[in-house]
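Per-chain numbering from 1; labels A, B, C, D and E assigned in written order.
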Amino acid sequence: MSQTTTAKISEAAGDPVPSIAGIPAAPITRAPPLAAGAGPLGWARTNLFSSIPSTIVTLVLLILLARWATEFVNWAILHAVWSVPNTATGPDTAACRDAKGIGACWAVISEKYRFILFGRYLYEEQWRPAIVIVLFIGLYVVSAMRQFWRKELILIWITTLTVVGVLMWGGVFGLTYVPQDSWGGLPITLILATFGLACAFPLSILVALGRRATNLPAIRVLCTVYVELIRGVPLITVLFMASVMFPLFMPAGLNPDKLLRAQVAVILFAAAYLAEVVRGGLQTLPKGQYEAADALGLGYWHKTAFIILPQALRLVIPPLVNTFIGFFKDTSLVLIIGLFDLLTAGKVAMADLVWQPYSTEVYLVLAAIYFAFCYVMARYSRGLEQGFSRSTKR
Amino acid sequence: DPSWAQGSGSKTIDDIRARGQLVCGVTAGAAGFSLPDSRGVMRGIDADICRAVAAATLGEADKVRYVPTTVTNRFTALQSGEIDILVRSTTWTLSREANLGLEFAGVYFFDGTGFMVNKSLGVKSSKELNGATICIQPGTSTELAVADYFREHGMKFKPILIQDPAETQNTFISGRCDAYSMDISALASFRFQQGPKKDDYVLLPEVISKEPVGVMVRKGDEKFFDLVRWSMIALLQGEESGVTQANVDQMLDSKDPTIRRMLGLEGDLGKAMGVDNKWAYKILKSVGNFGEIWERNIAPLGISRGINALWTKGGLHYPPPMR
Amino acid sequence: MSGAVLDPRLHPVRAAPRKKLNFSWSDPRFRNIVWQVVILSAVTAVAWFLISNTNRNLEQRRIATGFAFLSRTAGIPIGEHLIDYDPAVSTYGRALLIGVLNTLKVAVVGVVLATLWGTLLGIARLSRNWLVSKLAAVYVEIIRDVPLLLQLLFWYSILQALPAPRQSFHPVPGVFLSNRGVKIPFVEWDEPYWWALLALTVGAVGTWAWSRAATRRQERIGTRPKVWPMAILLMVGFPVAVWAGLGAPFVADVPELRGFDFNGGGTISPEYGALTMGLVIYTAAFIAEIVRSGILAVPTGQWEAAAALGVRRGIILRKIVLPQALRVIIPPMTSQYLNLIKNSSLAVAIGYQDIVSIANTTLNQTGQAIEGIAMVMLVYLVISLSISLFMNWYNGRIALVER
Amino acid sequence: MSQATTIDRANAATCEQPAIILDKVNKWYGAMHVLRDVSMTVSQKERVVVCGPSGSGKSTMIRCINRLEMHQEGRIIVDGTELTDDLRALDTIRREVGMVFQNFNLFPHLTILENCTFAPIWVRKMPKAEAEELAMSYLRRVKIPEQAKKYPGQLSGGQQQRVAIARALCMRPKIMLFDEPTSALDPEMIKEVLDTMIGLAEDGMTMVCVTHEMGFARKVADRVVFMDRGEIVEAGSPASIFEDPQTDRLKQFLSQILRGH
Amino acid sequence: MSQATTIDRANAATCEQPAIILDKVNKWYGAMHVLRDVSMTVSQKERVVVCGPSGSGKSTMIRCINRLEMHQEGRIIVDGTELTDDLRALDTIRREVGMVFQNFNLFPHLTILENCTFAPIWVRKMPKAEAEELAMSYLRRVKIPEQAKKYPGQLSGGQQQRVAIARALCMRPKIMLFDEPTSALDPEMIKEVLDTMIGLAEDGMTMVCVTHEMGFARKVADRVVFMDRGEIVEAGSPASIFEDPQTDRLKQFLSQILRGH
C-alpha cells in the first residue's frame, strides 16, 4: 500500500519537486485565490453588511452621522459670524446676538484668542510665548523621532528648556523682564505638563522599584504609603496644600517660588500614578530576565537600567499614555495658584460680559486644542507600541 | 527713596518694599471689579484699589502683582502671606473678622443681596418666591442671606449653587432657576449686558441683606492697616474735594487746607504713617479719585451710584477728616 | 547506596537553619538595614520639621484651629439631601455628612454604570462590524482627549435646554421631563409599604436560593430549569400580595405643577444627571481601553481550545475569556474607579453639592480652611482606600494559582 | 457526494466511510502558500502519524481539520460532514473531534477536574456528577486522578499534557488530533504520555498525531505521512517509511534524526 | 583552606585546584528540603553531566553554583572563592561562570550582537569594537554570524539556544553551566546545539550540564552524576553509569529511558 499511496500523492500534488544533489528546491508558489471580501463593494459587504443586525446598525448609524454632520456644518460655517465691528465703547456684538442658536459667533475667538493662548503675558511681548509653544512642539517632534534617540537628545532638551526660560522671563539680551505671575495660557499648560511628566517619570520608577524591594521592608512600606495616600486624594487638595498652605509649613521667610511648588505637587501626584503603571510592567516581566542578567555578573543598576526597565516600560505603553493624557488635562487645576492656564484663560475670557453668551465657541476651541495634543500623543504611542513589537517579534 | 531706608516699622510694608511689588488678591474674573482685558491688563475697581495702595506704599501704582484667588483659597492665601491685601468683593462680617486673624481696612462698595427673575414668571416681589429654585454662587455671603431671608418669611426654596458666575448666569438664562440671587450690583450689570433683551429680566425691589464690600489685611500690622484704610479715604476725599487725576497738579497750588494737607503740602501726615508725604498725591495722580474709578469701571456696567455716592450727595461714603 | 534511598524514613525532615546577621558593610542584609534606618529617619525628621513649623506659624498668625465649628448651626442651603436637613437647625457636621452621601450617590451609580458601558464599548471596539468598531474607537479618542470639565458643562447645558416645567415632556402619565429634571410618581409611604419592602427582600433571597437550586439541578440532570418565572413570582407577586393583604392603601404622590415647580414625586435633578452622565461617559472611555486590552491579553489558544471542544462563542467569552481577562483588567480598573470618584469633585462647577462643594462653603463661612481641606482629603482617602482594599482582595481571589 | 455535503450520520458511523478526507486542500497566509494540494484519507480507526521538518505545515493541516484555520481551496470532509461556513455543522463536527494542542491550552482558572467537565456540562448538557465521574475515569486512565483538585499551574509539564488528553477524551470524540504531544517533556514523562496514547490507539480510536517520536510512530502508526514545505512528500507504513524512504528529502530528514544522539 | 575563603588566583589557574567544590550543601524552599548533603568536586576542564528525574534538584544545584539560589548549609567553593554573602566576591565569581538557561532568557529588546556584547562592555569594561569582534568570533563558532543584527524573537529555537551559548562564552568564563539546553527543541535543532557543545568540550572548558540526552553524556562526559530527591545517588564514568548501574533507582530510571521509543 505504501508504494501506491506515495505514487498517488505525488501525482496528486501536481507540483513535482525537482531536487539537486538531494536538496529539493522550493516548490513553485501560487498566489492565493481572490478573497470574498476584495474590492470596495466586497469590503462593505464583509465589514458593514455582514448580517441583518449588522446592516440595521450600519444604516441607523449612517443616518445619524449624516444629520449631525450637516447640522454642525450649518452652525459652525454656513451661518457663523466671523467678526464684529469695534465701536468706541467696545465690540458691538449685535450680529452675534442675532445669530445665536443658528450660527456660531467666532468673533469671540478673534477678539480673545491672544488672551486665551497667552493669558496676561505682556501684550507687546506675546511673540515670546508664541515661540515657546513652537519650541515645545518642536521638542516633542524631535523626541518622538527614533533617529534622535541618542545622548545628544538630553542636550537638546536642556538647550530648549533654557531658551524657553530665557524667552519667558526675559531680562537678558534686551528682552523685557516678565514676572512669572503674568504668564499664562498654553505655555503654562505645556511647561507644567512637560516638566511634570519628565520629572515624575524617573521618580515613579524609583517608587515602583521601591515598592517591589522585598528585602527592604521599610522602603517598601514607605513607597506603598506614598502611592496609596497620594492616589487617594484629589489633585486639587494637594495643589491647595502646595500653593496656599505651604508657607504655613515652612519657617517664616522661607517661601519658594509658587509655580515651582505647584510643579512639585504635580510631579508628586503624577509619580504616584505612574509608579503603579510601572509596577504593573515590572510584575509582568519574567523572572528569567533578572536571572540571566545576574548570571552575567551585572550589578543592580546596570541590570535595572538596561535590561529590566526597557522591557517593562514597553509592556505598559498604553496605560502610561492614559496617565500622560490625564495629567496633561489636569494641569488646568493650577488656577488655585493664581495662574491662568489654557482652560482657565478661556473661562476668564468669557467673564467679559460682552462675550459671556458665546461660551460654546470658546469651549469648542479649547476642546480642540486639548484634543490635538492628546490625540497626537495617543496616536504616536500606538505607533511606538507596534514598532517595538515589530522589531522584537517575528 | 531714602525715607524707606530706616524701615517703616511695619513688616508688611518692609516686605512689599523689599519685593518692590504689592501682592494683591483679586478675583479671577469679574467684570467691573477685576478682569483681564483682551490684552491681559487687569481692570476694574478692585484692581484700581490695589494700584492706589501700591502708589501709597511704593510710590508707583503699577508695581502690583495680581493674584487671582478663588472663594476657597482667598482667606488662606492672605493668612499664609501669599498675598498682602485681599480686594475681592468680600463682605465685612463679624465672624470673618473674629475667626480668621484678618480684618477689614475699609469699605469701598455698599451692596445688598437682591433677586432677579424672568419677567414671564410674573413675580413682583421676593415674597412670592416660595418654592422657587434659586441660582446662587456658593461660598458667598449671599448664600447665608438668602437662607436667612426665606427662613424669616417661612418660605422654602431650592438652591442651585454653581461656582463659576458665568455658568450661574447661563443656568439662570436657560430657565433652570426661577430666580437669580446675587449682589444687586452684579444683578444690575447682568441685566444691562443683555442688551435689547434686558427687559426680559426684572430686579425685584427687596434688598434682603447689607453687603459692605471691603479690603482685607492681616491682623497685627497696624501700620499697614492704617495705610490701606487711609489710601481708600484719600480716594474719597479726592472726590469730595474735587481733586482729579487731571487737575491734581494744579491743585498743588490750592489754598484749601484740606487739600494741602492731603497732598502733602502741609503737615506730616505721610510720615506719620511711615510713607512719603506725597502718598495721596501719587494715588490721585496715578489712579484718580473714587468717582473717577467708579465712572471708569462700574458705570459702564449700568450700575447707578445710589448709596455708593458721597455723603454730600445722599450716599454712604463719608471720608473722615485728614488731619 | 541502594534501593533504600527511596525510603522516606531515611530522609528525616530537617528544618532550614536561621542565618546570623553580620555587622559588616559587605553583608547585604546589614547594608539594607542601615539604608532603611537612614531613609526612615530622614522622612521622620522632615515630617517633624513640617508639623512643628505649622504649629508655630498657626500660633503666630492667631489662626484659630479646631473642629468645634462642626457642631455649629450651618445655615447654608443644600439642594439635594438624602437625609433630613434644615439650615435653621442642622449643624455643619450634618451638612458635611450630606456632602459625603451625595458624593457616594454619584460614585456608586457612576462606578456601576461606567463599568457596564465601558465593557460594552470595549467589546464593541472588537466588533466585526467595521462601522461599530470605528465609532467606538472615535468615541474613545474624543472623550478621552477632551477635559472632563468641558464635557460636564456640555452635558449640563444639554439638560438645561430641556423645556421649562410648564412645557415639560410628558411621555407617560405622571412622568415629566423638564429642565427641572426627571420627575416620577411616587406613592405616599405608609406602613404596608414597609411590609411590602420586607416581602421584596424575602423574595430576593428566595430567588437567589431558587437559582442556587437551579444550578444544583443543572449539575444533577444537565439542563437548567428556568429561573425567571419563579423570580417574578417571588419578587413581584409576593410583595404585591402582602401589600394587597394589608388593605392595598394607595395614595399616589404624582408630581404636579404647582407654582414654580413640580411638587411631590421623586426627582433626578439635572445637576446629578449631568454629573453622573458626564462621569460615566468619560470614565467609560478609559474602561473600554482597559477591557479591550484585557480581552486581547487572553491568549488565542484559550479561544481555540474551547472552540475545539465545540463550545459556543458566548459561553467561551463568559466562562473562559472574561474570567482570565479580569486579571489584566482589575488593577488599572481600580485606578479608574478612584479617578471617577475624585473627578466627582468637579460637581461644584455644575451645581451639584458633593462633599467638596459643601466643604468649600463651610470653610468659607467658617474660615476653617485647613480643617475643611483636611476633611475632604480624609473622606476621599477613606473611600479610595476602601475601594483599593476591596479590589486588591478581589484581585487576589481571582489570581491564577501557579507553581 | 460532490453535491451533498452531509451524509446520513447513523450510516456513517457503521459503514466503511472514511473518518477524514482532505481533497486538494490549499491554504495561504497572506501571500505565503502553506498547504499545497494536500490530499489524504484517514479511515475509521486508523492511526496516522504526521512528521516533517519545522514549518512544513503539519500544525496547519491538523488545525484545518478542526477548522481552527480556514482553507481557501479544496474540500475537507470530517465524519461525513464537509467543513463549510455553517456554524451549526461546525460545532457538531468539533464535538466529535478532540484536539490536544502542542502547548496544552488548559484553562488556567479552572481546576483539572473543571477543565475536564467544562465541555461535557456546557456542550453535552451532562449532569455534573456524571461529568465528574467520567472525567475521573479518564484522569485515572492517564494516571493523575490525585491531581483533580489542583490548578493547571501547579502541575508539571507531563501532567499538564495528560490533562489535555483527558479533557479532549471527556467529550468522547470519534477522532483525536494530537499536535506534538511530547515536545516539551522529559524522557520519563514522554514515556508516560506515549503509553497513554498507545492505550487509546489499542481501544480503536481514530487518531492523527503530529510527532517526532519515531518510537511512537513505529509502535502504533498504521501509516506515516511525511510533509515538507506544505506538501505531502511521502506516505506509507512505518516500515516502508523508515526502512525504505523513496525521496531524498525524507532520507535526509531521517538521517538527521536517527544519527547522532 | 577551611579558613581562607580566597586562594591566590594566579596560582589557582595553573595548579590542580578543583574548579567547583560542593561540600555537604543543603537547601530548603520554605520547609521543603530540596538539596540534601550534596557533595561533589569538579576538577579543572572536567565535563560533568547531571541527570535524574524531574524535581530531583538538578536545576537547583546548578543554580546554587551561580548563587542564583542561596544554599543554607554547607559550602560551595567556585574557582577558589567561597560563596558567601560578600557581594564583591559574588560578582567576581559570576564573571567566571557562564550559564545557559533551559529557556534561553535572551534579552528580547537587544539585537543578537548586543546580547553578546552587553556584559563584556558593562562588566568587563571592554571597548565596544573589541567586544563586537569577540562576539562575532563566538557567533561564527556557533555558526550564526549572519543573524547578528536580528532580534531574538526573529530566530528559531535552535538559533536562540546557540545565541545563549555565545552570550555566555563572550564573558570568557572558566566554567560553563548548562541547564537542559535542548529540552525545548526539535530533533534537527537538538543536533545543532549538541554539536556546538561538543566543540566547546573538545576545547577543554570546565562544563556542568544538566541533560537527558544520553547520547551527549556518552560522547563527552568525563563523569555522570545521577540525582534523585535532592541527593546524589550515583556518580561515575558514563560507561559505569550506563552499563553497570549500582542502585535500584538508577536502574529503574535507565530502563524508562532506554526502553520503549
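In this section, contacts are C-beta pairs under 8 Å (C-beta built on N, C-alpha and C of every residue); 3 or more make two chains touch, one makes a residue touch a chain.
Since the model is a prediction, treat every value here as computed from it, not as a measurement.
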Centre-most chain [mean C-alpha coordinates]: A
Contact-richer chain pair (by C-beta pairs counted) among C-D and B-C: B-C
Chain whose mean Cα position lies farthest from chain D: B
Cα-centroid distance, chain A relative to chain B, in whole angstrom: 42
Whole-Å separation of chain centres (CA-atom averages), chain B against chain D: 87
Distance between chain centroids, defined by C-alpha means - chain A, chain D (Å): 49
Chain B, residues touching no fewer than two other chains: 72-73, 76, 79-80, 164, 170
Numbers and ranges of chain A residues touching at least 2 other chains: 240, 244-245, 247-248, 359
Residues of chain B that touch chain A when the two form their complex: 21, 28-31, 35-42, 65-70, 72-73, 76-77, 79-82, 164-166, 169-170, 173, 189-190, 193, 195-197, 300-301
Footprint of chain A on chain E - complex, ascending: 66, 68, 91, 94-95, 97-99, 101, 103, 105-109, 118-119, 122-123, 151-154, 167-168, 171
Chain A residues touching chain E - in the complex, by the definition given at the top: 286, 288-289, 291-299, 302, 306-307, 310-311, 314, 388, 391-394
List of chain B residues in touch with chain C within their complex: 71-73, 75-76, 79-80, 95-96, 99-101, 121, 129-133, 135-136, 138-140, 143-144, 146-148, 151, 157-164, 167-168, 170-171, 174-176, 178, 218-220
Touch list for chain A against partner chain B, complex: 89, 93-94, 97, 111-112, 114-115, 118-123, 179, 181-182, 184, 240, 243-248, 255, 258, 335-336, 338, 340, 344, 347-354, 356-357, 359
